[in-house]
Every structure is written in structure tokens, then in C-alpha cells.
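Two complexes, one shared chain (subunit A), two partners (subunit B, subunit C).
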Partner chain A sequence: MSLEQFSKRDVAPGYILYQGEVEPKTGWEFFKRAFSRTIKGELFVGLWIVLREMLIRGNSHTISYPQEKVAMTPRYRAIHKLLRLQESGSDRCIGCGLCEKICVANCIRIETKLDKNSRKEVSQYTINFGRCIFCGYCAEVCPELAIVHSGDYENASEQRAHFSLKEDILTPLDEFKANKQQEFSGFGALSNDADSFVKKTPLAY
Partner chain B sequence: MKKILITIDGVECRAKEGEFILNIARENSIFIPALCYISNCSPTLACRLCLVEVDGKRAYSCNAKAKDGMSVTTKNEEIEKERRAIMEIYDINHPLECGVCDQSGECELQNYTLEIGVNSQNHAIADMPRPTAHWGKINYDPSLCIVCERCVTVCKDMIGESALKTVKREGVELDKEWKEKTPKDAYAMWNKLQKSIIGVASGADSLDCTMCGECSSVCPVGALVSSDFQYKSNAWELKKIPAANPHSSDCSFIYYDVRHNSISDSNNKIFRVSNDYSFAPIHGGIRYGYDFENIVDSKDEEKFDKVVEIIKTKVDTIVFDSFITNEEALILQKLKDKYKYKLINNDAYMYKRFLNNFASTSGVNLYNGDLQTIQKSNFVISIGTALKTDSPNSGYMLNNALTMNKGAGLYFHPIADPVINGYSKNLLSINHKVGAEEAVLYLILDLFGKNLPDKIANYIESFHTKYSKSTDKDTKLDINSLYEILGVEDFSETLEKLLLKKDNFSLIAGEDLYNHPKSKNLAKILGLIQKYTDFNVVIIPSQTNTLGVSLICDLDEKKGKFSLGYNIKADVTLSALGKGDLDMPALNQQEGTFTSMNKRVVPTNAALSYHGYCLNDIANELGFDAEFTIDYTVDLPISSGFQEKEFDSLSNEFTQSGEEKRGYMLNSKPAICKDEIDELSEFEEIKNPLYLANPVKQFNAFTNKSHQLNEIGALYASSEFLEKNEFKNGDMVVLEGKNGVKLVLKIELDSFINGNIPYLPTFDNKLNTKQFFAGGYRFAEVSIKGVK
Partner chain C sequence: MDWAIVIETIIKSIVVLSVVAAMAGFATYIERKVLAFMQRRLGPMNVGPHGVLQLAADGIKLFTKEDIVPQNAVKPIFKFAPVIAPVTAFTSMAAIPFFPEFTVFGYTVTPIISDINVGVLFVLGVASTGMFAPLLAGMSSANKWALLGAARTVIALLSFEVVSGLALLAPLMMIGSLSLIDINDYQIAGFTSWLIWSQPMAFLLFVIAGFAETNRTPFDLIEYEAEIVSGYATDYSGIRWGLFFIGEYANMITVAFLVSIIFLGGYNPLWIIPGAIMILIKISAFIFLFLWVRAAWPHVRPDQMMWLCWKILMPLALINILITGIVLI
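On to the complex of A and B.
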């Protein structure tokens, strides 16, 4: 088997290789090229295409932002979200602090305490978006799929430091009750074949 | 002991005969896994991970003693199979809550599970409900507990309270089929694990001990955690600042674990204090009393200028206590040299006077013992100190010597102490009359003196009345009148039994002696004891750096007209407690050195930042020139035994083998000595005596400032005292001293003392308790009446 297809890493299948214009060699060929370039109406061809799309077909390649927005693919890493447990609606975040530890920009800080039921309560969770580089490590390391990236990419701010608090990124209860919390399938989510990696632990029940 | 040679995994190791193989391996950096063993405590054989092969036979390295020529293999297929099975069994039903567990990141169960590579489970057993128990400052989660019994061991062998024990767990019984499927040792461990769990030894709902918290420190998993710290911070967020215990003279090695305070406050805060439990136990005072910092936002120039102006014009005396660093003491001494201030430090003055008198008969300026000699000895005497509260670490070492070296001891103190009584059956508590310390020392000299000078020997002989009594057996009787002076029964027969096979002696002398009306003679007798007996003497410095201050400062007895107080209220006050005329940094905000009771100069580091002025700034304003306080470390007086060493060159750690590499040892100097002591003088008996001491965990105003230990001072008394005088716990009482001083305060039950002597604390600044103890002596006569 020829390895050629593997060694040509700059060429994806289905592309046509353009070899470049054939250079004129004789004086006649030079003359022919100069003549054709002089009288060819390529400029007008271009102008015509623009006018046709704009006036006759009514096409536009841009969208009218902010009335229109592009939907992001799941792997896009935009502003974070804290998700709620599907069953109970309480926070998924258990306050393990792994996101805080792994954060390369050092922009995540959490506060935890012992709550009334002797459980660990995450009393505050902040991300400084002025520092965040949207690397996605926090979503990847989260054992509970609690901190995820959303498709919400609008993170312009008036200040350099821009903190989001827990209440800003946690799924609002009304949205959750309306079943609008979307499961995250991007960075850090379980792969489709995740089940096949699990080793079963024997149980004595 | 004999030196021997053993081979561990092909490495030749020199060791002492009779040392445990595990300890030898650790000294030589050879790794043997072990969960349940703690250095200096007895092996429990709970985990069986330290299984090794000694000359082809299985042995547990934590309790197998080394013999010459032994060959040890720490790893082979069979051993690895056992270890893997043991770790799998520990992991059965262990809650998968590492995400929230406080121990996560420094958990030994996590570490060994990963080290041994447990990636699948082959064992199973039904779980049972195990609810969390709240034991005051400690929470116990039995579902996380692996019953390694470290807490039980450390409480018994090191702390001496035996407050915890293994109790029955109503666990599911192991199915017989597991016996065939599981390796031998793993099965035995599992069988035991199913049957036991940790519980309070007395059966009470909560822990009823002195709450040193050492059990939570040794716990390899998150089963025993401080209830104050629980779920506040992950282990890896905390930065460990190596330091020395600032509350008591043991100056034990501690770490301040600091982290940013909260999301909105990036300033550091101490979240807990941790320790190296293998080699340096710490008491509850520092484990829970760590946040005594003085938070100052900025330099207050106005106040500073005012104070400096007063110092320049008015001040002629500086009053201070010994909760300061060596460097600060040296700054004060330099100020004295330059401006002739009087230096008043009552505590260090008494101690220094005592040491000088001690040197006049012993011939050395320092005592010859330390905490390690107490730990190594097998006969220990404690005199003149309420050991449990004055110097808990000496108590731990005493207990460790009693339990690990099959030791015995005598505890002389007027106040009966059930905690110390509980150390061992072989510790004889002698509650002598108040003020009889001189007779106690004479008795020790009598019982243990060797080759005493004739004059002293003859004098001691004069206490004995020897006569032959014509009874049936015609026994010679020897009556020692010293026992009568002490007000106790002759215990010489018991003592004889206690002294069997004892060859290493230690004596702990404490604060009662320094302020005693006869302290001069007490010190001299103690000097003779060091010189003419086998005892290694330890004279406990009463405050953290009392020894350092007494060696560095030239102290005065009488105050001048206008005094500057450093952490003590005076005409103008510099205070690390706040509320003074100028704020000063507390000891957890300072770097510097302490001189510990081990005669060691140990460094301590600043855990928290401090933004105000410190003593060095004042000294600089008064004509000195040092950028930092620690610039003075090199200048510590060599004539007193200090060394010319930079602060930054001092190490602060323990090696693998437990060798203390912290700072440096003081050099002791010879002193001119004469074997001259005064005769035993009569002492006035104190009616209704009152003692000056602090309750468990309190040491000074700084411990009381910390949020976990904050309390209001009271008069503390035993239940016996309360019953006898018909007081109830919490009643208000009026104290009236001999000199007419009065104080109204609460009376509180202290279940850690017995007998009829109540005590007043010094930790509460709002109570002027010292007014009852005018001469400084820790016992005073007082009348106590109830308030109607």
C-alpha cells in the first residue's frame, strides 16, 4: 500500500491541486497574455456578482447581530454554567475544589462550609472572567459535570476584572423547572462509550 | 546498646539492637508501607501492610526487632498479593466522597490505594449504618474509619489519657468462603475490621478528655477531623508555614496552615495548625488557639511618633513578659545598654535567679535534661508543677516513658490530678502539703544521692531515726521524718518496687519552685540533685521564651517611675493583643527564634502579614539600624551560650529517623560552685490555699483571644471542693485575699482536678488574679464565700 496519501498532510481528500499559471516562454506568448489581460472585463464580472446577490437574489453572508445570533457547537468553550441535579434540583457542585486547583489562570475561587445537615455546602463560587482563558480544564476535571461551558459567548465587560458569582452561573430555578437546563455534551462530558470502561465492583446485597 | 548490621532489600543498615525493622528501614529511606504504626508508640498490628520476609519467614516489620545479620525482603509476589488484598478490603464500602472529604489530598488510604495499584475490587460485604458522632472539637465519621487504631494508640502511649478505645461494631459477619479466597493476613485484618470501631472509652456521648486533638492529627483518613475546620478548605489549598509553638516552652514544631481568607479577602488566614505527629506531639492550646493575630491595616504614624516621643522623654522602665522572641529580647537589652532603661520581667527574673542559684551548686549554668531525655528514661520524677496544664508536652513525654520503657515515676504536687494519675499504675502521685517542696527535694537527695559531701550526708541522716524494736522478728526500723513533714505516708516500700530494673532517670522541676519563698535553697538542692544523682534535670521555663529572656536580658527587680509595657498594661503600652497605645505584631505574625525547654534555639516564621510598626521600628527610631528584627539573630550573646548564626541559616525540620534538625543547641557553660545548702526551714502552712494555674488548653491572653478557646475566666474547682463547700457549678463567689483584695467571679467545675485546692487562671486579662499572689508564689491563702 502506498503511504503517499498519509505523507501529504497538507492535502485533504477531495481537494484539487492547483498547479499555478503556466508561465509564458516565447515573446508571442507574452504578448498574448498581456493582450488578454488588458481587454478582459474581470472587474465587471466581480461587480456584477455582488450586485446580483444583493439586489436580485437578496442574499447576505453576514447576520444582523445582535438581533440574530450564531448557535455555537457543543465543543465551543464560552461562559461557564453551573448545572443542577436532574433529580432534585439542588447543586451538582460538591465543592471538591478540583476546578480551583487545576485552573491555569487561577481565576476560580470557591468557599465551602459545614451545613446544618453535616454536609459540605458550597456557599460561593466565583470565576474572574477577566482572567479566564477559557481553556476548559475546569469542565474537564469536574467529577460531577457541574461546571460546564455554555454557548453564551457574550462576555464583554467594562472592567478588567469581571466576576461572576454562583447565582449568575447556576441554572435559575424557574428555567430548571421548565426543563430548560441542557445537558452539556462538550468538553469534559462523558464519551458515548464511557460505560465500557467501567469495572464492576461486586456487591454483597 | 549494641550496634548491629542488618540487610534490607540488599542494603546494609547499621542499627541499634532491638530496634524495629520498620524504623530502621525508614531511617535508611527504604519504603515499607504501613498504616497503623506511629513512631514512639507501641505497634498495634492492625493493618498488616508492613509484612516483610525475614530470613525466609513472614514477619511484621513494625514489631519485629532487629537482630545482627538479619536479611529482610520488603517485597515479593506473596507479600504484594497480601498488600493488594488488604488495600482492596479497606476500600470496600469506603464512601466515594473523596470530593468532599477534608483528608483528600493527604489521605493515606488514597495514597496506598494508588501506590499498590488497586484498580478493581474482588471483595464485598454488606455495609451497616454508621452515623457521624460529634465529640466537641472533633467530629468522628465511622464510615470513613479504617480502624487502624492510631488514635487509640497515640492517646494511650503518647498523650496518656486513653480516652478512645476500640468498641464493638455490629458488623456483618464474614462469610466462610472468603477464608479460602483471601490471603491469610488480609483475611485476619478483615475479620478484625468487621468487629470493631472507635468509641469513647468512658462510654460517654462526647469525648471527656483534655482535647489535645492529637487523635485527629494522626488519623490517616478523614474520620477524625476538627469540627471547626471541617469542610472549610481543601488540604492542597493550604500552605504550610513551619513554626514553633508560641504558647509554651516546649516550642514544639508546628505548621500554620494558611490560605486566602475568602473570595473577597485575599489576605492570608490560618485555617488550622498541623504537626509532625511522629516526632512532635502538640497540645490543645496551640492546636486550637492559633488565630491570635493582631490585624493592623496600616502604619499609624501619629501614634508611632507619640509613643516614640514618650519613650525618648519619659520612659525609664520597660515591662514585658516572656511571650516574645529572642530577637525582641535582645532589642530590649540593647535599649537598656544604650539608654539605661530598667527591664522588668517578673517571670524571667524569677527563673533566672533560680537558674543562677542552681548553677552555684551544680557547676553548670543550664540543666542537663530535655524532653528527649525524659522520653528515653524509665524513672521520672515531677515536682513543683501542675504538669498537665503547665507543660503538657512534658506530661506526654513522661507518659511515653512510662508506657514505652516500662517506666515508673513519682508525681509530687499538692493538687491531685486524675489525668496524670491515669498515665500508669506505676506513677505514684504524692499530694504533699502546700509549701513542702523543700522537703521533697531533700527526700529525693536522700533517696537517690550518691557520694554526697559528708556535711550534707550527715544533715540528711539527721532526718532518720533508726532503732531496733524488740518485736517478734527484731526488725530494724528506720523512720524518715521527711515523710511526716510532707504530710504523706512513708512510700519507701512502694518506691522500692517501682525502682526495680530502672537505669535511666529524669526529673522535671516546675514553676512552683521559682517563686517559692525558699526558692534560693530549692535551686541549690536541685543543683546537688543534678550533680550527685543519676537524674537528668529539666527545669521547665514557665513561659514560651522564659529561658531565652533570662539568658539575653539583664533584668531588674524594681520598676522606675514611668514604664513602657510590652504586651503588659503600663503607663504606655505596646500590645499585640490590640487596645494598646501602639499595635505590635503577635507571635504568628513574626519571624524570629525561641529558646525552648530543650535548650534549643528554634526558628519560627511569620504565618500572617503585619502592616503596622514592630519593636524593631521603635529601636531604629531610637538610634539602632537593622532592616529586620531577624538581623539581630547573629548578635544573640555568645557568652550566654548562643551561636553566631544567621536566622536564614537555621533549619526547621525532623529527619526521617526523627532527628531534630531545628535551629541549634545552646552551649552550656561551667559555673563556680560550692556544695553549700541551707538546712530545711519550717514553712507556714497555708489555710484554704488557692493555686495560680490555667485550665486545660489555656496558657495566656493569646490563647484566650483565639476563637475556638475564647472563654471567661473563673475560679476552677474540683467536684469534691464544690460539694464540700456547697457551691454549684456556675455560682458567683467572692474571693478575699489575706491582704484584703477582693474579686467576684464565677466558680466553675474542673473535672480534671481532685482535692480541695481551687485555682485561679492568668489567661483572662479582665481578671486581676495576680493580686492574690503578692510574693509571686503560686499558692495563697484566700477565703471563698458565695454571693447571695
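On to the complex of A and C.
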């Protein structure tokens, strides 16, 4: 096996290497090239293409943004949302701190305390969006599917602290009661056929 | 002195100034819309229905923008240069007959400010003088991009001026007059008498030279963004830049009128269409061609433009003159 086979690995069999246009040498060749380019009509092909695109109605690809918006896919990772439990309406977040731990940008901070029933309660949940890189690890690691990424990409604000406090990202109660909380189907959510993978715990062990 | 003529001329001048300036302004809107549709965009949409009033918004922006004169610029020339562009563009319109004669309240109006017997020469000469605007602007700006733009102005002038002059010579040999009214009347016999049929090569050459003269796309090397930012106008903003803009669009309209009158039968009526409508159709079509070409074609480099003008177009123009001369004899 020769070295040549390794040094030319980018050339697969069947490739045609384009050597570029052959430069004319003599004056006669220059004249022939200029003449053929003159009568080739390539310029008119360009003219026809733009005219055709102009004459087709409704051909515009513009989205007039404030009036029209792109529908975001479920896996799009924009500003986070904290979801509520479907049954009771209380927070899904159990304050386990996994998201805080896994966050690569170290931007999540959870404050927890014991409430009057001696249950762990999340008193504050903040995300520093100046540091967040929207990697989605927090949504993926969350065991309760409480912290998720929403499709809210319009995160311009007067205050850099906006969107980041617990009351900003938690589903508002009135919105929840109006049944508007969308179940999250994106990053870290269970797949549609997740039920088929559930097995009984083998108690025999 | 006949005061009626003085007053009539002043009124005509004001009408031409205001109408052409309004047309030039509206052409910017049309240009943005046509380019947008050709590139599958919407263009201006928000100011007025379908963005018709975008022109007003642009005007307010241009007029109220801060007027900046760079520190190292040659200030008197820097301030004066933008004025040359619209002044020469509008002055060159003095010898152009815009419409056929018409009668208002029993008074016959000839819609030409001054029917001088060297009309074509005057129009081309004054329009070429307009090249002083980018030249002086570029040289006085103390900016290397502007200076390059000024240098390119000169080579553009040296290239296209030969072609436009020689291309026009052949039809002028056939007509025997430089007055644009005579040129128009030469083609009065109808569609088949249009000079484009007897002088197709001259028509082609003059249109190409017209693109170069108005700095439109294939030849807009004096303000080519990708190479020299904005060319001669790099340091200009606000109303001074706006004056260059008005001058460019007025020049487009002038060239459209020239081509329509010299080659496309001018304002002669065709079939049942009256002459005034005919020339409006022609100049609209020609301005659309300007925009169309801008949407479709790439730029040429300065050396390519010089090569094209001097090595291809000028010999073709000379051969055209020679053949015309032989046929005429």
C-alpha cells in the first residue's frame, strides 16, 4: 500500500475534479471567448428568472414579524417555564436541586425551606439569563418535568432581571385555571410511547 | 423683451422641477418594491397602504438628519458638490420635449423649456458635467473610499462617454439635426419608422452607455458597496446625500426620455394611443428595465468596464457609423 492512497483520501472514485476555465492564450482565443459570451444569452436567463419570481403572486417569503410569528417547534429552547401539577395546581418543582447542580453556566439558584407541613417548599427559583446558555440540561435532568423550555423567544426587556424570577416563569394561576398550560413535549419530556416501556417492579428479587 | 415668454419659461421650469423631483422620489419607492418582489420580499409595507408613504418617511429622515462635515474635508467643495448633481440633472432636461404640443384655454403650450438646435449635444454635455458632483465630492471628503470612488468616476466618464457619443452619431447622421423635436418628428410615420429598427446596434450601445452614465447596476462601480463602502458618498449623510440621490434618479428619467425620443418614436401617437401616453409608457418601461437589470445582474469591475467600453463597444459603434455612412451614400 503506497502513501499516495492516504494522501489523496478526499478524492473518492467517480469524482470529477473541475480544473477551472481554460484561460485563452492567443488573441484569437480571447476573441472567441468574448464572442461566445456575447451571444450566449446567460444574462437574459438571469433577467427571466427574476421576472418570473416577480410575476408569481404570493411568492414572498417575508414574515411581517410583529403581526406574523414563526411557530416554534416543541424542542426549541427559549426562556424557561416552571409548570404546575395538573391535578392540584401547586408547583411541580420539588426543590431537589438537580438543575442547579447540572447547570453548566451556573446560573440557576433555588432557595428552599420547610413549610408548615414540614414539606420542602421552593421559596425562590431564579435563572440568571445573562449567563444562561440555553443548553437545556436543566429541562432534561428535571425528574418532575417542572422546569421546561418555552417558545418565548421575545426576551427584550427594560430590566435584565426580567423573565428570571420564579413569579415570571411559573405558570400564572389564572392561566392554569383556564386550562392554558400546555403539556411540555420537548426537551426532556417523556416520549409518546413511554407507557410501553413501563415494567412491573420485579419483587421476586 | 417679451415678458410672456419669460413667465412661461419660469412656469415650465417650476413644473418640470417639481414633477420630475416627485417622479424621482416615487421612483425610489417603485425601485424598492420591484426589487423586493423580484427577490421574493415584500419591500416597504408599514408606512401607508403597502408602504406608499415610505417616501414621506424617507424625506423626513433625510431632512432632519444631522449634517456632518468631516474634519479634514475641503469644506466649501464638500458642501457645494452635492448641489451639482441635481442642478446638472435638471438643467439637462431644459432641451428635452416631454410631451407633444397641447392647448390650454386657447394657448398652445410646447412642453419643452427651450428648443435649442443642439438639443442632444446640450443634454449629453450637461449630464456629463454632472460627473463633477461625485468627482468633487470624492476628492474633498478626505476619505480613501471616497477618493477611490472619485477616481472611478473619472474612468467611468472616460469609458462610457465615447460609446454614447459615437452610438448617437449614426442616427444623427440619418436625421441631420440635433434638436430633439426634429429627431422626434423624423419618426412620425408610425411604428415602423422608429429608429430602433434602422439603428438597432446604436440603440443597444446607447442603452448600455445610459446605464453607465446613470451609474446603474452593471456599471455602478463608483459606489459599489462591496468594494468601496459607498464610493464618493461615503462621508455624506442627510440632505446632502439626498441631493446626490435626487440627481441620480433625475438622470435616470433623462436617459429614459432620451432613449424614448431618439430610438423609440418619442411622443408620436401609436394607433389609438395618444402621444403623451405613449412616451409615459416608454419611460416607465425603460425605468423598469433599470430596476430589472439591477435585480438580475452582477456588477462589473472597473477594468472590465474599461475593457468593455473601449475594446468592444467603441469598435462596434465605429463599425455602425461606417455602415450607416455607406448606406446613406
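Keep in mind that, in the parts below, the second predicted complex is superposed on the first by the 134 of 205 C-alpha atoms of A that agree within 3 Å, B and C clash if a C-alpha of one lies under 4 Å from a C-alpha of the other, contacts with A are read in each partner's own complex, and residues count from 1 in each chain.
Rule of thumb we're sticking to: contacts are C-beta pairs under 8 Å (C-beta built on N, C-alpha and C of every residue); 3 or more make two chains touch, one makes a residue touch a chain.
It should be emphasised that the depicted structure is a prediction, and the values quoted were computed from it without experimental measurement.
Asks: Of the partners subunit B and subunit C, which touch A:His61 in the superposed model: first, second, both, neither?
Replies: second
Asks: Hey, is it subunit B or subunit C that touches more of subunit A?
Replies: It is B that touches the greater number of subunit A residues.
Asks: When the two structures are overlaid on chain A, which partner does A:Ile133 contact: first (subunit B), second (subunit C), both, or neither?
Replies: neither
Asks: Contacts for A:Ala34 in the overlay, against subunit B (first) and subunit C (second): which applies, first, second, both or neither?
Replies: A:Ala34: touches subunit C, not subunit B.
Asks: Figure out whether A:Leu43 sits in contact with subunit B (first) or subunit C (second), or with both, or with neither.
Replies: A:Leu43 sits against subunit C, while subunit B stays out of touch.
Asks: Determine, under the contact definition given at the top, whether A:Glu53 touches first (subunit B), second (subunit C), both, or neither.
Replies: The second partner, subunit C, only.
Asks: Tell me, which parts of subunit C touch subunit A in their complex?
Replies: Residues of subunit C touching subunit A: 34, 36-42, 45, 292-293, 295-297, 312.
Asks: Give every residue of subunit B touching subunit A within the complex, in rising order.
Replies: Per the touch definition, subunit B meets subunit A at residues 98-100, 104, 119-126, 132, 139, 172, 227, 230-234, 236-237, 260, 262-263.
Asks: Which subunit A residues qualify as touching subunit B in the complex?
Replies: Listed in rising order, the residues of subunit A that touch subunit B are 94-98, 100-101, 109-114, 118-121, 124, 126, 143-144, 199, 201-205.
Asks: If you look only at subunit A, which of its residues touch subunit C in the complex?
Replies: It is residues 34, 38, 43, 46-47, 49-51, 53-54, 59-62, 64 of subunit A that touch subunit C.
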